[in-house]
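In the part that follows, the structures are each spelled out as structure tokens.
Both complexes shown next keep chain A, but they swap its partner, so chain B is in the first and chain C is in the second.
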Partner chain A sequence: MLKFLIKRFIGLLFVILCVTFLTFIIGYYAPSNPIQIMMGDHPNKLLEAQLKHAYGLDLPPLQQYLNFLIRLLHFDLGTSFKTIGRPVNDIIGEGLPISLELGMWALLIQICIGVPVGIISAIRANSWTDTISMGAALIIYALPAFILGILVQFLIIWLDNTFGWSWPNTQWGTPWQYTWTDIQYKLAPILVYGATGMAYFARLARTSMLEILRQDYVRTARAKGLYERAVIYRHAFRNALIPLITIIGLSVGFLVAGAFFIERIFSIPGIAGITLDSIDNLDYPVVQATTVVLAIGVVFGNLLSDICYTLVDPRIKAE
Partner chain B sequence: MKAGKKLSLQFLTSLLCLMAVFLASCGGGNGNGSKAPDANQVLRFPVVGDINSFDPATVQDTDSNFPIQAVFTGLVTLDKDLKVKPQLAAALPTVSSDGMTYTFKLRDGLKFSNGDPLTSKDVVYSINRAVAKETNSPVSYYLSLLKDFDKVNSGKQATLVGDSLQTPDANTVVIKINKPAAYFLETLSYPTSYVVNQKIVDKYKGGKSPWTDHLQEGAGAGPFKVDNYNHSTGIKLVRNDNYYGPKPKLNTLQVVFYKDQDGMYKAYQAKQLDFAYVPTSSVGDVAGKPDYSATNVLTIRYLSLNYLAKPFDNIKIRQAFALAINKDTIVKTAINNAFVASNHIIPQGMPGYNDALTGPEGSTTQGDPAKAKQLLADGLKEEGMTALPPLTLTYYPREQSYKDAMSEVVSMWQSNLSVKVNVNTVARPRLLDLENATKNNASLTMWQAGWNADYPDPQDWLTTFFDRGSDYNQFNYGQNNSTAAAEQVKVQDELRKADVTQDQTARMKIYNDAEQKIINDAGWIPLWQEKVHSLTSQKVHNLKLNSQQLIPPDDWSNIYMSA
Partner chain C sequence: MEQNNGPKFSKPRFVQPGESMVPPGSPQELIVEEEAPALSAEVVDGKEVRTPNSQKKSQTPLQDSLRRLRKDFRAMFCLGVIAFYVLLAIFGPPIYRMAGPDYKSNMTNTVIPASVYRDFTHQEADRKHEGPSAQYWLGTDSIGRDLFARLMQGMLISIAVAAVVELIDIFLGVTVGVLAGYYGGWIDFVLARFTDVIFAFPGLLFIILLVGILGSKANDTLGNIPVIGANGNARLLFVSIGLALTVWPLMARYVRGQTLQLKEQQFVEAARTSGATDFTIIVRHLIPNLFSIVIIASTLNIANTIISEAGISLLGLGVQPPGSSIGLMISDATTFLENHPWEALMPSFVLVIIVLAFSFLGDGLRDAFDPRSKD
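Let's turn to the complex of A and B:
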């Protein structure tokens, strides 16, 4: 197991190196200039050269990339171009907990509701329960997150104006705090993010379970007279979980990256929104930093998924 | 199974109907009444954030400027009509006879929000700081009129203090400039010359976080002081009881951060905000409502034709292209009437706006297709041409409405002049690169751009863009071989004269005359002036943005919330 983890850690370093290099190359050769954005529409070659020098953008590309890597080794992600002089570490440090919170609650909803709904649908395949739950899941899944988000925002506006409520439809509240005000801020985006993924999990769980229920060993278990509950939970359910675990593991990795639309629509100051803003503003230090964070997330998600495999299926060894 | 499907369909139909009712019912009203108690004097105002800068020396955008204008002030600021008004200065300065030395007397008893005394030394420290090389301000050029600006900005000279910035006593500031400039006070109204508390700046120099993260310690002298600055959610500003002017009625100004105007608009509808900008696409939904208002802003969108590129070295062909465009139609169909069609270089709301100005050949914003056709024919004849060379219009499609507008322009040229113009869309920084590169050559033929006033003076529009040698004169006005070049040089001389004329009435008259000549020459083809559309809760009283989308410091004393 230790050897496996070391291997994965080396793999992580390689992934980060590749991702940062590609991001750097794209940024460097993009037909845009962050200093010009900083200066507005004012052409001033002298000032532009001065600012390029101040931000190290006049150095040869390889030198710029090496400087970034050296800073990264010191856990220093540089300073932002857009929010002038602000350490990128601070920007990431403020956005990441919010995105993690949003992603964690959404994933919990996705798993805790989506998987049981899928399993029940599979057990009661072709019943009205199955039709309704899978029909609803299909509609939610087919609806892009931003459409569902906007619909929910309209609904909140209507409720506020009709009943005189003051339920917010944007912003996030205080991260990881759950006063009534915080819950009001957080509920809608979490539910929307949760719903879109939940539908996916429900459909996946149903398909996986149906496939297992058709296996010979399930038929054998039934033939030898086991209770249906034992057949379902002891024999079928655990095996149906294997493909789900892969998806859950990967979902953990994409928890943060997956919230781009939700964060933008609900004006949530999380890292996904920060990433989009930094791309819009050619704020390369922030783009680089968010890319590193997202890459680490995805690699750890994969790792988690592999470890969970070994727990669910003893035939698979962590090697 | 069939029954299940039926039930599912019924359920879905009901859900959709419910949604439709929800959507149709969106809207609401606001109450009105007497002044709310002090604890409820809280205004929630949105900006796009996190703001780029809370440092007056480096601020470049409107969103950052809003909280900066509430927390910091300078020697002079602009009032609601964009007139220069003394602020920290007790009165407008005395100006030397050569127009190059300005002497300001400060008000008595000035204090920063933490109670520290504010003297002339703080004023010159702040201005020098904005110019100094180590500040790396992307907007230091606002102070480029200061004597020896270049030396200090490039690091060749240590400081302007004692040189062009002098403090004969604690209450007097003397500023020397490098040439007579009647618009100097307007440039000084920009935040680069606003006063910051050196004690706070020095305390956090080289620290882990910038000094602007510690503004609650009292770094400004404006009507509000910072209570809390959260980079994710916003800035809580509270009344500054040490403010020298009339104090705000508001107890708290909550500056709330949103990613974009859509977010603000939705938050306002859910009563999370007391004010919101309306996205251009939604203006039609709210226009006419009691909480709606629109303000002209100092932004003009225009077309540039390069005087060094064939066929635009011919005045008649340039005029033909200008007159072939019906700007009213473009604004109505592509812009949804969110902006105003314009023939002006100097926008409405600016000092020096000329109400009597017309388009080329006395035309209106509707253009004149028949005359355009005739002018094109005459121009081609003069040039000995039978057809125009291939033409390309380059622009940055900031939003869909811009794309629609440029499609209409091209279509009008096609239908009114039988000229096919290709379109090349590029990213904004790329357009800036191309524009800069076309100075003194014909690399870019025609392009669409925009300009937003740096400070409210015609010099910022006319001399900046049309003077010889100006970095902004990328279309080569006056620096070309066209038949109109001699006349253009005369206009440039007029502009230089106006820049130093101290009599404001005479000065504006010169600018008005020059503007009309430039428009007749199709030096620019202005398309429209932008507006901001906003919603203000009816609980908020007397909140009015000026044309720079700002609230002058003393105007806060009129704004209050009703119960």
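Let's turn to the complex of A and C:
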């Protein structure tokens, strides 16, 4: 098992290395010259050279990349071009808690609502509960996240106008605080953010559970006269969870990609929002840094699901 | 079986990252197909109950599949929707511009023909936020542009991007997949590592990075080229290439799996015995047999591509104003969601329709070409 994990870990390090290299190369060949933009209307050859030197942009590309990696290992993500001299760590430090909070709740909702819905659908396969919940899951899953976001915003505005509520439809409250106002801010984005994954978890949980319920050992358990509840929760449910665990890691990947739409549509100042702003401002160090941070998030999610997977399924040890 | 799984994937994978918006269950089912025994003509034919009559005019597996597809009402309906969408996007704008009364502007006191005011970039300053009317079939947006004209242009953009992405996807995916499956060796190894990286990393993030940084100067370099550079479409080339780069490894994996099974079959052996070269075997015998898996995978992928293009344009990274894209229309309209919800909901609805149509058609194709994949 340890060997398997080490193998996965090395693979993931390789992914991170690829990502850093890609971000660096794309940033290096960026067509616009950020230094000139920084100096604005007063071009000055000496100042340009000084700034280039200060940012390490006069070094050969490989050296620049190595410096980038070494700084990364020291958790130093460089300095912003836009607000001169401001560490990128600072900028990311503002957005990261918000994105983490958003992502954590979305993941929790996906698992805590999606899985039970799927399991119940499987147990009552082909009943109206199953048809309705799977139909809803199909529709939610087919809808792009940003469309869902706009529909929910529209619904909030409509409810506000009709019932005279003042429910907010954009912005984010204070991170990690849950007063009533904060919850009002956070509820809609979290639900929309989690919805696609929730539908996916539900569909997968249903498939997985149906598969398990057809197995011989479930029939044996029933044949020896166990209560249906024991058959389902002690024998079937636990085995049905195994494939779902692998999805958690991938789900983190979906969440990272989805963050861009949710944060843009709901105007949430998270890390994806910062990335988009920095792209507009040609602030490459920030874009590179956020990409690497998001990629590490994805890779970490994958590793996490690998670890859970080996813990839950002893057959993995055989490898 | 173990051969097909290969040593590359140490655990079952149910879906690939970046596939989040693929229609229900499809990636997973396609993977299952890859691991299941080959889809072969004998099995497909064997499923049919054959009367002496039908034995007279025997059908090829392809004809058989098409017959099954024609019987599938939902798939055929979706095919109709897609055909309508494509025709409207291509032939709609010129017809729409031709057929319309002249309009006397109250502001400038001049007569404007329909070919001008029904252009998707034309602004009528005093006709903002209008509802559907005889003049503007779907109304106007916040700066007085014809929404129906903009919608059709956006539809055209989505089809064009999907076509470019699929061309690259099929070309790279089939080439690399066949070579990896047929020869194995280092191509197989590189493909496996590459797919691992792609699957472990959200493709959208890569595209945002690529387009976000390199796209800022796209207009300067491509702006003079008529179709590609015109109307703020310059960045779309980057978007298409980025999308294609992130999806082809999946296609290559399907093709590789299919090739592994095909090359063990007797007709390939027979061809080899009769002296066919590797090239002939690949081109004449393997690639035609990949038709079904390629068509299913690319149909399902088109849905994904259309969503991605709309999403990237919505983030402001794709089509630039005054150009039009479904995503850009939605993004323009979100500010006015409170008073003019129609402007955001209408393009959203069109996007959902076309995405669903492609997903259901993909499902129908899979059922038609591989009947055993049905529950």
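The criterion applied here is as follows: the second predicted complex is superposed on the first by the 256 of 319 C-alpha atoms of A that agree within 3 Å, B and C clash if a C-alpha of one lies under 4 Å from a C-alpha of the other, contacts with A are read in each partner's own complex, and residues count from 1 in each chain.
As a working rule, contacts are C-beta pairs under 8 Å (C-beta built on N, C-alpha and C of every residue); 3 or more make two chains touch, one makes a residue touch a chain.
For clarity, every value in this text was computed on a predicted model and none was experimentally measured.
Touch criterion met: A:87 reaches chain B, while chain C stays clear of it. Residue contacts after overlaying the shared chain place A:299 against chain C, while chain B stays out of touching range. Of the two partner chains, both chain B and chain C are touched by A:264. Shared-chain residue A:282: touches chain B and chain C both. Contact with chain C, but none with chain B, is seen for A:18 once the two complexes are overlaid on the shared chain. Once the two complexes are laid over each other on the shared chain, residue contacts for A:47 go to chain B alone; chain C is not touched.
Of the two partner chains placed around the shared chain by superposition, neither chain B nor chain C is touched by A:308. Touch criterion not met for A:241: it reaches neither chain B nor chain C. In the superposed model, A:154 lies in contact with both chain B and chain C.
When the two complexes are laid over each other on chain A, chain A has residues 31-32, 151, 153-154, 157, 161, 264-265, 282 in contact with both chain B and chain C. For chain A in complex with chain B, the touching residues are 31-33, 35-47, 50-51, 54, 82-87, 90-91, 94-95, 98, 126-132, 135-136, 139, 151, 153-158, 160-162, 166-172, 263-267, 269, 273, 277, 282. The residues of chain C lying in touch with chain A in their complex are 10-18, 20-21, 23-25, 28, 193, 196-197, 200-206, 208-210, 212-214, 216-217, 220-221, 307, 310-311, 314-317, 327, 330, 334, 337-338, 341, 344-345, 348, 351-352, 355-356, 359.
Contacts from chain A toward chain C in the complex involve residues 4, 7-8, 11-12, 14-15, 18-19, 22-23, 26-27, 29-32, 137-138, 141-147, 150-151, 153-154, 157, 161, 196-197, 200, 203-204, 207, 243, 246-247, 250, 253-254, 256-258, 260-261, 264-265, 275-276, 279-280, 282, 284, 287, 291, 294-295, 298-299, 302, 306, 309, 316, 319.
Within the complex formed with chain A, the chain B residues making contact are 1, 3-5, 7-8, 11-12, 19, 22-23, 25-28, 50-53, 55, 58, 60-61, 133, 136, 138-141, 153-154, 208-210, 212, 231-233, 256-260, 263, 266-267, 269-272, 426-430, 432-433, 435-436, 449-452, 471-472, 474.
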